Every structure is written in structure tokens, then in C-alpha cells.
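Just below sit the structures, each encoded as C-alpha cells.
What follows is a pair of complexes built around chain A, which joins chain B in one and chain C in the other.
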Partner chain A sequence: MNVLTAQFFNGLAIGSIYVLLATGFNLLLLVARIIHFAFPVAVVFSMYISWILITLTGNVLAGIAGGIVSAVLINMLTAPMFQHIMNKRESVDINTTMVLSMGLGMIITDILSHTFNQGFPIAFPDTLTGNDKGALISSGLISISRGQILTLAVGVVFVVILFQLLYKSRIGRAFRAIAEDPNEAKLVGIPLLKTGLKSYALTGLLGGVTAVLMSVLLGSASAGLGDQLGHKVLAVSIIAGLGNLTGGLIVGLLLGILEALIQGYFAGSWSNAISFAVMLIVILAKPRGIFGLKLRFQEI
Partner chain B sequence: MTLTLFYYLAITAIYILMSWSVYLPYRIGQLHFMTVANMAISAYFSALMTIHFSWPFPLVLLAGTLLGALTGFAVSTAVGDAPCFAVVIVGFTFIYLTKTVIENVEIFGGPLGIFNIPKIINSSSGNRILLIIIVYFFVFLTGFFINRFDRSKLGRAASTIFVDRNIAVSFGVNPKKIGMFLQTWSSAIGGMSGVLYAFIMRGISPNHFTFNFIGICMTILFVGGYSTMWGTLLAAPILWGFPLILPESLQAWNIVIYGILLVIILLLKPEGIITRVMVQRVENIRLFSGKKVTPKSPSNKKAAQ
Partner chain C sequence: MERNKPMLKVRNVSVAYGHITALNKINLDVFQGEIIVLIGANGAGKTSLMETVLGAHVPENGEIEFKGKTIQGISTDKNVRQGLFLVPEGRGVFSTMSVLDNLLLGAHHNRRKTPEKLELVFDYFPILSERQTQIAGTLSGGERRMLALARALMSSPDMILVDEPSLGLAPLVVNDIFKILTRLNREGYSILLSEQNIHKALKIAHRGYVLETGRIVKSGTAENLLNDPAVKEAYLGV
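Moving on to the complex of A and B:
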């Protein structure tokens, strides 16, 4: 029972990471109309930037700021590439954005595996993770770390802010209008390009915060982490129904809890495989998601 | 035949086959990466059957191809007409699961893999020449059937699905049946390539069947041109071959180079180097002995590319 409770809390923390990543992914899909498969890869790249800055300066704040700035920058720098393809929508389908994103992912992952730390996994210092201070709550086998609490708290706060922004603000209405029908949104005077770029900046910020939270929670990163996260985020989004933000929230949390529970009872390599197998079964049974697609079938 | 030339020719053929196996389902807009998992499964199957049960090469080739086809068919019953992203994630998940099983089950040799797969014939040079003949025979055979498919009613139906699924359905085309057919065919090619690859390398490990492998196949397909089978024939020997002539320090960066090439081609010429219109023009010139003939107007803009 103790293991179950401890893993449940751990699962909530991991789940909130998936929720943030899936929300960013879905936001880009809904507003910018791209399948940004490499979004989690860019997040892992930002983790590496954080690590470099902390190693060089010894300043945790510099690392956090660097990670967030690099995520926003990557998103903004790649935006023109995706926009260039989207401008040719008459002759190019949305899958091309996914292939472009995979190409960008290949480049980033390979650079990470060749350059930083000679290709070896990186470990974040205790000054960032807080591991040296021990568990925040400890009772028997249950041990909840500062990283888990911080990830969960920041994750919840960010999701609430994001949903408030989407459903209560002017820019949120513009995002949702484009998601609903880009042509009608244009007719009522919403600038598609400008709003699209804002979605890149917002998801970049979201990615940067996620990178910092992952650094705190996991305490380490490797070049292959981005690909693995990319697959999981795509799977979460598909199971939830592509573009379905609420569905992404529920499925992301459920996946985190499922993974943590499996990790409590199975060896490392098998635990990942089991969660992938569960996701595969759900996708094979419901290829269009449980909660329904938020995009018309022709668009995807 | 030198060992370098043998590997260059043989692996080029494998990349041609594997890129075609991605090309086929992409005719209806599905990126079917499961073919790499099929390749791994059949490669390991053939290695085990040959080493432990002394199965002859023709039998393992047939069985490996059928194994690929059967797995592909079983999965296609669920995702035959699924959207592209669902097919992509099913492929990735299968690769991940296959890799985990291979790495963790003792009989598959763990992360090191399986070595000493027997030669088809005893002579080393004879074995190489025979393998090259066999591999290119299957490249020719697969290419012949894909070419026939592209020109058939079924091929035109696939093009219509790629452009507009609703129009295709209103014309009486069944996207699920065509999707199932193409995914099964793709998986069969993946299975066949796996067996051939195992006998070419004579040793296989989980590191051979990675996401980088998909990246190379995707680059070959999109740089060559995804709307015809001929683009792959042009791109595979060049793209797979050129890192070999780079300085050793740059060879390790081949995936970055492939990624950059893929991004550049998608930005500048998304339909790839060889387009369907280009192929049609060449065919018209050949058919009408140099008379200037306007190519038939394709049914739509995307199909023409």
C-alpha cells in the first residue's frame, strides 16, 4: 500500500509533465496547424542548455533563465519554416509539417548525442534538484521529494493559467477561433500569422518551464529522452483525441500514474515497454482517440 | 568483389526496398514505420531458424516475408484507414516494443545481438556475388510490382485517397481495404528486407533497427520524391553512399546531414527531386519518339506532384 501511495504521487508529478507537453503540442496543432513532433526534443535541448549554464556559471537562476529562453528561441526560429510550408497548403498536406518536425528532431537529437558531455547523459547538480536536502515528506516507504511537489504545483498552476488564458482572454478567444475555423477567424479580423506566432511563443515558454521542471524532477537527461517523450506526447494526444486539450490533461495524468505504478513493480526497461504496450492497445482500439478529435478529418 | 563494394551495393538495395516499403502506404498519406519493426522481427527470426534449426535460405526468406505480411495484416485491420499520425505512433511503438524484447530476452542475444549467421554457400566471394544477385533480383521484382500498382486502377484510387478521402469514398473507393493492402505489402517488404539484411551482415543487433534507420529511409523517400517510386532509386545510392566518401570526422554526423537535407528539400521542393509530372513527361517522350506531347492533365494538383 505504501509503494502504491508513493508511486501515485510520483505518477502525478510525471503526469503533469506530460500534460504540459501535450498542451503545448495540441496548442501548436490547433492554432499554428502543425504536428510538432519535435516539440519535446526541443524541450530536452533546453534542459541541456540549462545544464551548460549551471555548469559554467554555477548559478541555478542563470540555468533556469537560459533553459526558458532557449525553448522560446527554438520555437520562434523554427516558426518561419513551418509557416513557409503552411503557406503552400494547397499543394502540401499537414503531414509534411510532421515530417519537417521529425527532420528537426533528428538534427537536434544527433547534435545532443555528439557534442554535449561527449554524448554521455547529463546530471543536474543538487543545487537545482534539491536532492541533497532529502525528501520533503517521508513516512515509512512513502517518500515525496521537493522536485515532485514543485513539479506538481507548478504544473497545476501553469495548466490553470493556460486554460484561463485560452477561455477568458482575448488572445485565447483568437486561438480558439482559429482552431474552430481559420477562414472564418480571418473574416472577423483575427490576424492568422500574428496569432500563430503568439502560439509559438506561448508554447516555447511552456516548453521552457517544462524543461526546468523535468531537470528538477528527473535530475538527469540523455539525447534519446526527447524521442521517447515525443512518442509519448504524440500517443497521449492521439489517445485523448488530437487537439483535445481537456482530453490531453486527463490522459497525460493517467499515463504518468500508470507509468509510475508499473515502475513500482517491474524492472526499468520493461516498465516503459508495458506503458507503450498499453498505449498501443488503446490506439489500435480507438485510432481517433477516446475524447474525439478537435480537427476535421480532412485537415489531418 | 571487394568487401566495401559488396556492402555498398547490398545496403543500398536494402535502403531501396525499405524506402519503397515506406513509399507504398504513403500513397494514401500514411507513414507506416512499422515496416522497420517487421524488418527486425524477420531478421531475428531468420537468424534463429538458420542457426538453431538449420533452415535453408529460401525457406527462411519465404517464412520471414510471410511473418512480416501477417503481422502487418493483423495491425492493418485496426489502423488500415487511420489518420497518418496514428499510423506513425503505432509504428514507433512497435519498434520500441520489438527493441525492448530483443534487448531483454536471452535467446535474442541481448544488446549485442546474434552473430555468425551462416553463409548461403561456403565460398566467401561466391556468397557475396550470390547475395548481390538475390538482393537485386528482389529489388527488380518489388520495383516491377510497385510500377504495375502505380499504373493500375488501385494505384489511381490510392492517389485519390491521398488528395481527398471524401471524393475517393464518393467514387466507391474503400480507403480501409486499400490501406490494409498497402500496409500488408509494406510489412512483407520489411520482413523480406530483414531476412536479406541478416544474411548480408551475418550478424544483427538491436542497434541496427533504430529511429535513425527510419530517418534515413524518410530522407531517401522525401528527397528523391514521394509521389513516384523512381525518386527512391535515385536518392538511395547517393544519400547512403555520400557519407562514405566524407572525411572520417564528418561521417559520424551523417544523421545531422540527412536531417538538414530533409529540412532543405521540404522547404524548397516539398514534392522531392523526381515528381510524377516529370516521370510522365519522360514516358511521353519515350512513347511518342521525341514528338512534343502535353502531359495528360492529372486529376488534381497534389497527385501530379
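Moving on to the complex of A and C:
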């Protein structure tokens, strides 16, 4: 029972990370109309930027700010490339954007594995993770870290803010209009590229916050982490139903809990293989995703 | 109502999609306060013409003027800001969004006096007032068409392009739609209307143009067109 509770909390925390990443991925898919496979890779890159700044300045706040700025910048700087394709979407397939994004991801991963810290995994100092202060709550086998609580709390706050923005604001309304039908949105006067650019900025911010949370929660990062997360986020989004934000919330949390339970009860090193096996079975049973597709490709 | 001030001027406009010519040297005028009807079969170019005026397609050549300003090549959102609004054919509304959200989308660029505009719209369409929170996809076909028209009003347009408003609707609902179009016109909106229900459209219009395979083959006052033997034979089935 103790293991169950402990792993449940572990799972919720890591699940929150999946939720944030899947939400960013889905927003880019719905509003910017791109398949940004490398979105999580850019987030891991921002973790590295955070780490460098903390190492250089010794200032945790500088690292946090740097990580967030980095994620927003990567999104905004690569946006013109994707928007070029979006602009030609009547003659170009959306998968083109995935190839572009994968290329971008490989370049970033290679940069991480060759330059920063000579390619070795990086470790964040206790001043950021708070691990030196020990667990926040500790009872028997159960111990809940500051990072876990922080991740869960910030995750919940951000998802709530995001949904408020989507459903209660002018820009959110424009986002949803493009998500439903970009051509109709254009006809009622929504500027597709300009509104799309706002979604790059928003998801960049989301990615930056996720980078900081991951630094605190995991305490370390390696060059391969981005690709691993990329696969998981793509899997979560497809299993939930591409473009289905609420579905992404649920499946992201479930994946986190599933992984944590596998780690708690079986061999931890098998958690990727087992959770992907489970996801394979789910997608075979529900090819359109558990909660249904929200994006029809012929309308992109 | 002053009816000699030009609202929309289309001169020699041609549009092609790849090798297919959709519009061929179109000339058309809409003066302030007029209802102009575009007559033509499916594929004649009515929708292409409206979308080109709105800025969704860039003409190969020719010139479009709206309120005295050249607008060809200008993006759709800028034209909407200038006071043009299209009520598209077909679904016409965002079916996953609420009635209120659909209306507010119309006011995306022109947010001033939104509460007053909502009041005005609900005066035209009382049914929408009762259904503000309902998801647009659950409305009937007629209600959706009303919502699309109402959304146009929310943008405070000078000119409304209405594409096939009666398509697929029951005769009684069609009557309602035409009554509303007449009322809108009386209150000062210029309207460019494309219709296959020619008899009804010409009854409320001032003038009309007949489109065939991307060309204007005939134009004139609504009365003349209604009595034109060729129009009668081709479009009224008389």
C-alpha cells in the first residue's frame, strides 16, 4: 500500500510533465497546424541552457529565466520555417512539418551530445532541486519531494490558466476557430499566420516552464532525453486522439502513473518497453484514440 | 438613402486555380444601399467571386475597389477590418463552438460596443438570444444560417457578401432569411447576394448579374432580369 501511494505521487508528477508537453504539442498541431515532433527536444535544450546559466552565474533565478526565454526563442525563431509550409498548406502535406521538426530535433540532440558538458549528462545543483533539504513529506516508504509537489502544483495551475485562456479570451476563441477549420477562420477575418505566431509564443512559454519543472523534478538531463520524451508525447497525443486537449490531460497522467507503478513493482529499466507495449495494445483497440480525433487531416 | 456612392467596384478581374480559369474579366458594381444578386449555376464562379472580393484569392489581373480604396491582394483580415464580411455557403458556423463564441468571432477585429451589437443582433434574431450557450453544431440548418448572418453583423460591416443563404433550407425558413436580408438592406447595409433561388432573390434585389463559367453574360435591373426570356428559361424553368 505504501509503495502504491508513493508511486502514485511519483506518477502524477511525471505525468504532469507529459501533460504539459502533450498540451503544447497539441496546441501547435491545432493552431499552428504543424506536427512538432521535436517540441520536447527543444524543451530539453532549454534545460541545458538553464544548467549553463546556473553553472556560470550560480544564480538559480537566472537559470530559471534563461530556460523559459530559451524555449520561447526556439519556438519563435523556428516559426518562420514552419509558417512557410503552413502558408503552402493547400499544396503541401502536414507531414512535411514533421520531417522539418525531426531534423531540427536531431540537430539539437547532436549539439547537446557533442558540446555541452562534453556530452555527459548534466546534474542540477541542490539549490534548484531542493534535494539537500530532504523530502517534503516523509512517512515510512512514502516520501514526496519538493520537486514533485512543485511540478504537480504548477502543472495544475498552468493547465487551468491555459483552458481559461482558450475558452474565455478573444485569442483563445481565434485559436479554437482555427483548430476547427482554418479556411473558415480565414473567411471570418482571423489572420492565420499572426494568430499562429501567438500559439508559438504561448507553447514556447509552456515549454520553458516545463523545462524548469523537469530540471527540478528529475535533477538531471541527458542529450537523449528529448527524443525519448518526443516519442512519449507523440504516443500520448495519438492515443488520446490527435488534437484532443482533454484527452491529452488524462492519457498523460495515466502514462506517468503506469510508468511509476511499473518502476515500483517490476524492473524500472523495463518501464519504457512495458508502457509502450500497453500503448500499442490501446492503439490497436482504439485506432482513432481513446477520446477521438479532434483534427481531420483533409482539412489542414 | 443615397444610392449613387460606389461601395464595391470590380474591374476586369480574372482568377485562376492552376490551369483552371475560375473568373474571366469580371466587371461588377455595388452602390451603397443596394442588394445585388449574382445568378448562376453551381460552378459558375459565384463563390470564387465573393472569396476574391474578400481577399481569399488573389486575382491574376484586374482591380477591386472597396469604399474608394484598391483592395486586391490585401489579406482577408484587413478587408474584414475595412468593413467587408462574408456569410459563407454550407455549414458557415463553427460547429464545436457556442452560439455566443461564434458571434464574438464576428467582432474579432471590431470590439467596440460589443454589448450593444449583441443587443442589436438579438433583436434581429431572438432565437439566438435564447441559445447563446448552445453549441452551434446542435442548431438546425436555418438557425445556423441565422447565426452566420448574425456573426456578420457583429463585425459592423458596410457590405455583406451572402453566399447561397437559402441552400438546403425549408421554404418557410427561406422566407425568413429573405425578410431579414431586406430589413438589413433597408437599414443601410449593402449586400452582394449569390442565389440559385432566383425568383425570390430578384424580388428583393435592385440589380443582378448572370454568371456563366466564370464570365458575366448578362446584367441589369432586377425587373429586367426577371422578365428576360433567356434568364427565365435557364434559371426559372419557365
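Note that the second predicted complex is superposed on the first by the 297 of 300 C-alpha atoms of A that agree within 3 Å, B and C clash if a C-alpha of one lies under 4 Å from a C-alpha of the other, contacts with A are read in each partner's own complex, and residues count from 1 in each chain.
Note that contacts are C-beta pairs under 8 Å (C-beta built on N, C-alpha and C of every residue); 3 or more make two chains touch, one makes a residue touch a chain.
Note that the structure is predicted; figures quoted are calculated from it, not measured.
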Which of chain B and chain C A:R288 touches, first, second, both or neither: first
Which superposed partner A:E180 touches (first chain B, second chain C, both, neither): second
First (chain B), second (chain C), both or neither touched by A:R170: second
Touching partner for A:F276 - first (chain B), second (chain C), both, neither: first
Which of chain B and chain C A:I107 touches, first, second, both or neither: first
Chain A residues touched - chain C or chain B, whichever exceeds: B
Chain B versus chain C as contact partner of A:V188, first or second or both or neither: second
Touching both chain C and chain B, counted on chain A across the two superposed complexes: none
Footprint of chain A on chain B - complex, ascending: 29, 31, 75, 78-79, 82-86, 88-90, 92-94, 96-97, 100-101, 103-104, 162, 164-166, 211-212, 215, 218-219, 222, 252-253, 255-256, 258-260, 262-263, 266-267, 270-271, 301-302, 305
Residues of chain C defined as touching chain A within the complex: 51, 54, 56, 75-77, 79-81, 85-86, 88, 91-92, 94-97, 101, 104-106, 108-109, 111, 151, 155
Sites on chain A touched by chain C in the complex: 170, 173-174, 176-177, 180-181, 184-191, 194
Chain B-touching residues of chain A, taken from the complex the two chains share: 35, 81, 84-85, 88, 90-93, 95-96, 98-100, 102-107, 109-111, 114, 227, 231, 234-235, 238, 242, 269-270, 272-273, 276-277, 279-280, 283-285, 287-288, 297-298, 300
